[in-house]
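Quick heads-up: structures coming right below.
Same chain, two partners: chain A is paired with chain B first, then with chain C.
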Partner chain A sequence: MNVRLQMAMVFHLDKCIGCHTCSIACKNVWTDRRGAEYMWWNNVETKPGTGYPTAWEDQDRYRGGWVQGSDGKLRLRGFSKGGTLESIFHQPYLPTIDDYYEPFTYRYQDLFDTPEGADQPTARPVSMITGKPIDIQAGPNWDDDLGGSPVYAENDPNLTHVSEEDKRLLFELERMTFFYVPRICNHCLNPSCVAACPSGAIYKRGEDGVVLINQEACRGWRFCVTACPYKKSYYNWSTGKSEKCILCFPRIETGQAPACFHSCVGRIRYFGGLLYDADKLPAAASVPEGELVDAHRGIILNPNDPAVVAGARKNGLGPDVIEACRRSPVYQYVIDWKLALPLHAEFRTIPMLFYVPPLMPVMATVENGAYDTTETGLFGVVDNMRLPITYLARLFSAGNEGHVRYALKKQIAVRAHRRMVTVGDLDRDAVTSMMQEVGADAAELDAIYRLTSLPTEKERYVIPPSHREEAEQMLKTDVLRAKGETGFGFLERPVRGT
Partner chain B sequence: MVFTIDTLLFQVLPYVPVALFIIEAIRRYRQRPFSYSSLSSQFLEGDRLFIGSVPWHYGILFVLGGHLFAFLFPRELIAFGSVPWRLLILEVTALIGGLVSLIGLVELTIRRLTRDRIRAVTNVMDLVVLGVLLTQVGLGVYIALTMRWGSMWFATIMAPYLKSVVLLQPNVDLVSVLPWVIKLHIVGAYVFLAILPYSRLVHMLVWPVHYLFRRPQVVIWNAEPGSLRSTGEPERGG
Partner chain C sequence: MTDRMNALLRTAVVVGSVVLMQGTSRAQDAADPTGALFEKQCYSCHNIGSGKKKGPDLKGILQRRDRAWLHKFIASPKSMKASGDKIAVGLFREFAPEEMPDQMLTPLQIEDFLNFIDKVTKSGKVFVPQSGQLSRPVRPGDIEAGYAYFTGKKKLAAGGPACISCHSVQGVTPLGGGTLGLDLTQANARYTNIELASILKAPAFPTMSRLFANNPLTDEEVVQVFAYLQSTKTRTPDPGRSAFAFVLIGMAGTVACLGLMNFRWRARLRTGVRKDFVAQAVERHRKNLRSADHSHRAGRDA
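Presenting the complex of A and B:
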């Protein structure tokens, strides 16, 4: 057993209101620069929809992630090692800026400088690349709230597994529905971007599992952009280097949640440590698709298990770190409650960002002014949702409908239980049978309710201490000098080389 | 010894770019590692790049490899070319390589000058690089077409000359009899070497051959695993 710490995340989609505050927080802190204008390390997508970049989930087109060969071994979907060097002069599967959008601004000064005339002056849109006027073809969130559905939502790659009949119903006006999927880098345990980097510039930090690109070692070969199946590695066209979400590591090293978490209005985000067994990699990603979610859960270790604690101590994880892992909301959602699921586990990168699938607006019947909550109706709605379960299973459990159905049923059970407790109009036997079906007792449902609806910031973000002071000592720098000089010194500006 | 323009160009000049190349490439690598990049523009424009970049890179690698082979193994090359049909094949192949790289380079130049997005990421040095490369490859193709049989006289004249340069005893007499076009091509090679460390051409120095030999995953610890975070006590309360 090789115990390591991974900073992991849960996004509770049932709580996401799609306000994009997370995206703006990230944009303002990290990507408001030339060459990075088009990058959204954090973006929020409407589902069904094609997302950003367009149809990123279509791996026949972009060739991201891993595939399992007939010998059971994993290989990158895009290129072999030799193929990488072969295609280095032109990469066939690389998205271009038009697959994202051409960044634009407006000539606001024209509004002031235009001489008086018969027409109102306008601020023309100009490209932020060329500076010339452009016709805007797409934006960072072009299909928000099902905008342009016939072009976008209907081409959602996940709908390939949905029957024609269901698809037709999906886009019937009265039934139409959607939900939001906020996405950041998943900081995977088996990252394909790392494996695809010809320069070896991308690495996973041993201490907390954050995946980073060494900007000084990156040579702009762009294979990470193709290899990341989530398209969360971006090529900076100005500096000629690839960049990605850094999980705000300067913040988490000082005990603060990343900017997108911190700013989340809906409080949908949970952040905490997971202990995992690095010896089980990449075996956990080499199982048949339907078993992937279970295999992912299988490498996560129980921080209360004495053997795990001993292993963690052996690898230098302090008691306070282990204690933080015990209180990790991520561990509760993913392992204890089995509510949170990985996005597209079939990409086999073992993402460390988990999603609680949304309880879509159900096709509820209204009786006597209340939603139908009889025992026949309640769990029935899981299969009567406006979005077919096959669709959600494509997204969150590599096609295994059981995991999604369980997570949805459990959320409904929480609601039923809490309604019974607070309103008292539900039949106790019916609720008990629901609880039995999801295998949860009242205490567990209360705990889910509490962490879902009423968590404090300290409960949502349980960040193990980084102990920078010890890292400083280990790096054999003079600690007192480091204290006085941190933040000062000379850095090379990130400008394009010649 | 009479000091002529040839002495300057072929006896003194060679050492300036070589020195520049070695010193500057290392200095830049150590002091400004961020500036080492392929500076790929495929992200902004892919289709035209394909038409240009692929023939250019494969063509020029083949041609440069040919030059290197002729320099390292002149005897073997002459022996191979002593049979007329083999010589013909050799020369035609080399010429095709040169033409392929030239076509790719011309395409890349047109793309860079006409596409707005590509012009946005073009600086003066990029244009200098294109100028030098166009001149150099153009001269090379012209020489291959008009001054046969290049592989043979390269092996008998250029290989010994380059060897004399490498051995620090440059023999100008070997090259001073050559036509000016060839002399220009040689000088062009020195200019190329001189601008290499100052331009985007440095990307050829960091061609990632080590990728073939590394393990798929890279994990970096700030310190030895096991030595960190060992003293922290559990937090009390909440």
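Presenting the complex of A and C:
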């Protein structure tokens, strides 16, 4: 057993209101720079929709992630070593700037400087790349709330497995539905961006599993951009280097949640440590698609298991770190309750960002001008949701509908249980049988309710101490001086060609 | 046809080399140490008694010129020309563009040379160099081997540079050979067998003598390169070969490579996923409009 620590995340989609506050917080902190205008390390997408960059999930176009060869071994979908060499000066699978969007601003000064005339002055949109006036064609959330559905929502790559009839119903007026998927770098356990980098500039930090691009080693070949199936590595055309979400590591090293977590209005985000067995990684990434979620859970270790604790201690993890892992909300959502699922496990990168699938409005029919939402059976709503289970399963469980169905049923069970407790209008036997079906007792459902609806900040973000002092000692720097200088130092800009 | 010509050529080579072997039986003059030095340092350009080469025939030189003048001239022909000496200027003009290099000889050595030339002149014989003698008769396979040495496919044993580095021969390779030295097509027509063999064995030309001073061709290599050069005697030298051809070929190659890259990586012209989606949606919408318009008209007509 090779016990390692990974900082992991849960996004509770049932709580997300799609306000983009997380995106703005990230933009203001990290990507409000020349060459980074088009980047959204954190973005919020409407589903069904094609997201940002357009149709990023379609790996036939973008060739990200891993595929399993006939020999069972994983190889990058994008390029072999020879292919990397052949394509080093031009890659055919990169998203174009139009697939992201051409970043723009407005010439506000014109509103003040325009001489008096017959017409009102206007602020013309200008490209932030060329500085010239542009005709705005797209934005990072152009399909927000199903805007432009015939172009975007209908081309959602996850709809390939949905039947034509379901698709027709999905886009029928008055039945249309959508939900939001906020996305950041998944800080995968099996990151394909790291594997694809010809310069060896990308690495996964040993102490907390954050995936970073060394700006001094990056040569801007952009193989990470192709290799990342989530398209969360971006090329900065100004510095000539690629950049990505850094999980706000300066914040987590000082015990604060990343900016996008911190600013989340709906409090949908949970952050905590997971212990995992690095030795089991290759096997877990190589199982058939339907078993990927189980394999995924299989490598995460129980921090209360004495053997795991011993292994963690052997690998240099302190008791305070293990203690933080025991209180990790991520462990509860992913392992204890099995509510949170990885996004697109079939890319086989083993992402460490998990999503609680959203409970969608039920299918309703309009009768005599009133919505009829009569439920049949205890969990009748699950299979009658306006968004087909097949669709959610494509997103969150590599096609295994059982996992999604279970997570949805459990959320319904929580609601039924709490309604019985607080309102008391539900039949106790019916609720008990629901609890039995999802294999949860009242205490567990109450715990889910508490962490979902009433968590304190300290419960949502359980950040293990990063022990910078140990790292500084390892690097043989003056520990006390490093402590005194924290947050201060010299800014080294990334420079093209170095 | 070509087979027959090859056979004829090979026969000619063999016959020629037999004649050469007979010719060398008279080469006793070179046994003298001064003769050997003459052979090494002078013979590439000067004959004694068998006519002009790159420089004048030296037979009877003491009868034609003053001994003191000869001393001065041989020691440094260039300064003689620079000093405006009439005879020197005349000689340089006659044998242009060849220029006799300064020989770095001591007055004693020059005296030895003059005496040696006088001796040969007085004996009434022709100077035949020892190095003009091939170690063995030429065999048909030697042309092939000589070609390999010429083009550098096979390395010279002592490490000397391949002939093609500086010289060309008509048809030696598709792009010809070097242009620094002379075109060696018909070298055997310009030089007799003995002269050519001697040059190969001990070249006295300023550039070549330095290049091959410490790494001369072996006897076997001399025979083979000789055979190759002999075989090119009948070819006509290519008159108009210039560096311009190289530039043209380079430009054509560049254009071809760019074209190939252009084709191989044509996927770069992709406009992007989103634009395709928009175009498809617009097309779908147009089709719907057309069919709606059509059915509307049909309804009205009915």
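Please note the rule applied: the second predicted complex is superposed on the first by the 470 of 498 C-alpha atoms of A that agree within 3 Å, B and C clash if a C-alpha of one lies under 4 Å from a C-alpha of the other, contacts with A are read in each partner's own complex, and residues count from 1 in each chain.
We take it that contacts are C-beta pairs under 8 Å (C-beta built on N, C-alpha and C of every residue); 3 or more make two chains touch, one makes a residue touch a chain.
Quantities reported herein were computed from a predicted structural model and do not represent experimental measurements.
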Fit-or-clash call for chain B and chain C when the two complexes are aligned on chain A: clash
Contacts of A:W221 with chain B and chain C, given as first, second, both or neither: first
Which of chain B and chain C A:H90 touches, first, second, both or neither: both
Touching partner for A:E346 - first (chain B), second (chain C), both, neither: neither
Which superposed partner A:E243 touches (first chain B, second chain C, both, neither): neither
Touching partner for A:H467 - first (chain B), second (chain C), both, neither: first
Partner contacting more residues of chain A (chain B vs chain C): B
Contacts of A:A55 with chain B and chain C, given as first, second, both or neither: second
Partner chain(s) touched by A:E444 [first = chain B, second = chain C, both, neither]: neither
Chain C region in steric overlap with chain B, selected from 151-159, 205-213 or 277-285: 151-159
Common interface residues of chain A - those touching chain B in one complex and chain C in the other: 90, 95-97
Residue numbers on chain A that touch chain C, as the complex places them: 50, 53-55, 58, 61, 90, 92, 95-99, 137-138, 150-152, 154-155
List of chain A residues in touch with chain B within their complex: 81-82, 84-85, 88-91, 94-97, 127, 129-132, 190-191, 194-195, 197-200, 202-207, 215-222, 225, 235, 237-241, 281, 313-324, 458, 465-467, 470-471, 474-475, 492, 494, 496-498
Complex interface listing, chain C residues touching chain A: 265, 267-268, 270-275, 277-278, 280-281, 284-285
Residue ranges of chain B in contact with chain A within the complex: 32-46, 49-50, 53-54, 56-58, 116-117, 119-121, 123, 125-126, 198-200, 202-203, 206-212, 214, 216-235, 238
